[in-house]
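The following pair of complexes shares a single chain, subunit A, combined with subunit B in the former and subunit C in the latter.
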Partner chain A sequence: MSTPTTFWRLAGMSYTQYVTRAATALRNGLKEPAKTQAMRNEALSYNSATWAGGKAGSKKPVQVLSEAGL
Partner chain B sequence: GRRCNRNPSFSTDQKSFTMMRNTILRRAAAPLLRRTFSSAPEAAASGMTLNFSLPSETIYAGAKVSQVIVPGAAGEYGVTADHVPVVAQLQAGVLQIMHEGSNEAEKYFVAGGFSITHPNSVTDISCPEAVKIDDIDSAAVSSAFEAAKSAFAAAEAGSADQALAQIDMEVNKAMGSAVGLSL
Partner chain C sequence: MAQAGAARGMATEKQIFNQIQSTKNIKKITSSMKMVSAAKLKGDETRLELAKPFNEWTNALCGKPVHLDDLENITYEELPQKTLIVPITSDKGLCGGVNSFISRSVRDAIGKINAQGKECDVVIIGDKGRSQMSRSFPEKILRTATDIQAPGNFNLAAALSAELTAAGAMNYDAVMIVYNSYVNAAVYHQYYKVIKPMAVEGEGESMVEYEFEPDVKSEIMGDLYEYMLTSQIYYCFMDGAAAEQSSRMTAMENASKNAGEMIDTLTLQYNRARQARITTELIEIISGASALEG
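Entry: the complex of A and B
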């Protein structure tokens, strides 16, 4: 990987994390009812499954990606 | 005359040999030296086509518009028909869509994303969130900007917290500009 130049890369964030945070900041600055409607798009949930031998193990919900080892 | 003819130290044989060699080289190189152009693009029928989508909804699919002004991370730029192909990362800012036959631009505030303009005058814009400018709350934006500014100052240089605060500052500042605040 070449040397990171953007502040968010240097801080260890990925582009997806950066743009998701920017979208959150946008949604927080809205008036009602647009804000409530936009907050529905905010909801994110993650499931983690470990693959072995070409098969997925059981899925478990995780709150943050770090719990899944990422 | 040719350089070989002007050189007094060349003998007649050398001159004729040089001329012959130069002609052969020029003719051999001709196919390589011949200018080629990429095949001309098909002329855009009229105007450009816009595809503008978010993860949650498609705002425009195949819409014929006359111009789009895109908030690129490297600077704002306009796209019309036959624009050179471009891939641009977007920054938080205002996306303006000029519809055919209209003087007023339709404006959206976008949080980021990408804009790709293809050789056939189709532009694909994909953003994580986009809102109408009228839906922006000035008071919320000012207070969020101030809070982010304090968080930025309080955070350790180069830390994730400082980066998050910087993102908040940049987005809120851009939202403020969109509604006429200068933060």
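Entry: the complex of A and C
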């Protein structure tokens, strides 16, 4: 892959990270009661486990998008 | 008497009474679970209705989802050399057959894909799928994502697609999502979708048709593929969640109905046992009384 030209790729973000970050910025622009309701749309939580050779590794909790896929 | 009944191996009146009580409790629990599922289904249906138009554009680039109705007729011949299979299952149980259908389809797919000389690996979403599939093909599993907090949203889909990328999704020729699709409160179907990256000829060729940032076609296609994968995962997850909830509602309704039937049969047995006891007591009293007289 040739060197990226967009600023977010150069900063190490993937496209989905960039897009969801932009969505957060949009939600932050809302006024108060709508804002907390919209922020609820962002919450995520799950456990990720990497498998190798048929054996599961330890479960890592993921609460924020930046922790995913590590 | 009670001892005679127990000695003969029949359930005594007391035991039947206890059985009836516990079955009544179970019936209460399952019918309340059914109502909770019905309420949650409303929310999941709304989310699915919103996700459908959001994801509509990917159908032009991905082709139609294939209905897994009769596993014998599905050949998976259109899949390329290396496929990453992503089954979407639930974390909680008591939801009917949703997860076992998916596990069976994936097991069947892996067998057929390997028979064609192609490769495949699996990234499992959902705890129930993990426990079922880790028994059949643990060596094929790359990652699992479990204990997902409901309800899902686009951020979750973005995180899951980041997990896929970390598992190497960009090195595979296609990603195949296997999921349940919600039709209505009584019906759900299994589908699989194949998502392939777009081919771009020429490195560094710039996008002249539209003014776009980034300007390089291969970069745009890479971003588009990433976004398409996330959008597809989002839609399939919403679909799977609605299907799981409707299946749980049906399963709990059947359980309550069966519990009700059991209670009816047991009540008849109980009454028979009670009457037998009263009859034997009467016989004892009368024979005792006539023995005193005579």
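The rule is short, and it goes like this: the second predicted complex is superposed on the first by the 56 of 70 C-alpha atoms of A that agree within 3 Å, B and C clash if a C-alpha of one lies under 4 Å from a C-alpha of the other, contacts with A are read in each partner's own complex, and residues count from 1 in each chain.
Definition applied: a residue touches a chain if its C-beta (ideal position, glycine included) is under 8 Å from a C-beta of that chain, and two chains touch if they have at least 3 such contacts.
None of the values given here were measured: they were computed from a predicted structure.
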- Task: In the overlay, answer first, second, both or neither for which of subunit B and subunit C A:Asn28 touches.
- Result: first
If you stack the two complexes on chain A, which partner ends up touching A:Thr36: first (subunit B), second (subunit C), both, or neither?
-> neither
The chain contacting more residues of subunit A, comparing subunit B with subunit C, is C
*With the two complexes superposed on chain A, say which partner A:Thr20 touches: subunit B (first), subunit C (second), both, or neither.*
both
_subunit B versus subunit C as contact partner of A:Leu10, first or second or both or neither_ = first
Subunit A residues where the subunit B and subunit C footprints coincide 19-20, 23, 41
The answer for subunit A against subunit B in the complex is residues 7-8, 10-13, 18-23, 25-31, 34-35, 38, 41
Subunit C residues touching subunit A in their complex are 134, 138-139, 141-149, 152-156, 158-167, 203-204, 213-216, 218-219, 222-223, 226-227, 230
So, in the complex, the side of subunit B touching subunit A is made of residues 54-56, 92, 109, 111-113, 128-129, 131-132, 135-137, 140-141, 144, 148, 158-160, 162-164, 166-168, 170-172, 175
Listed in rising order, the residues of subunit A that touch subunit C in the complex are 1-2, 4-6, 9, 14-17, 19-20, 23, 41-51, 53-56, 59, 62, 65, 68-70
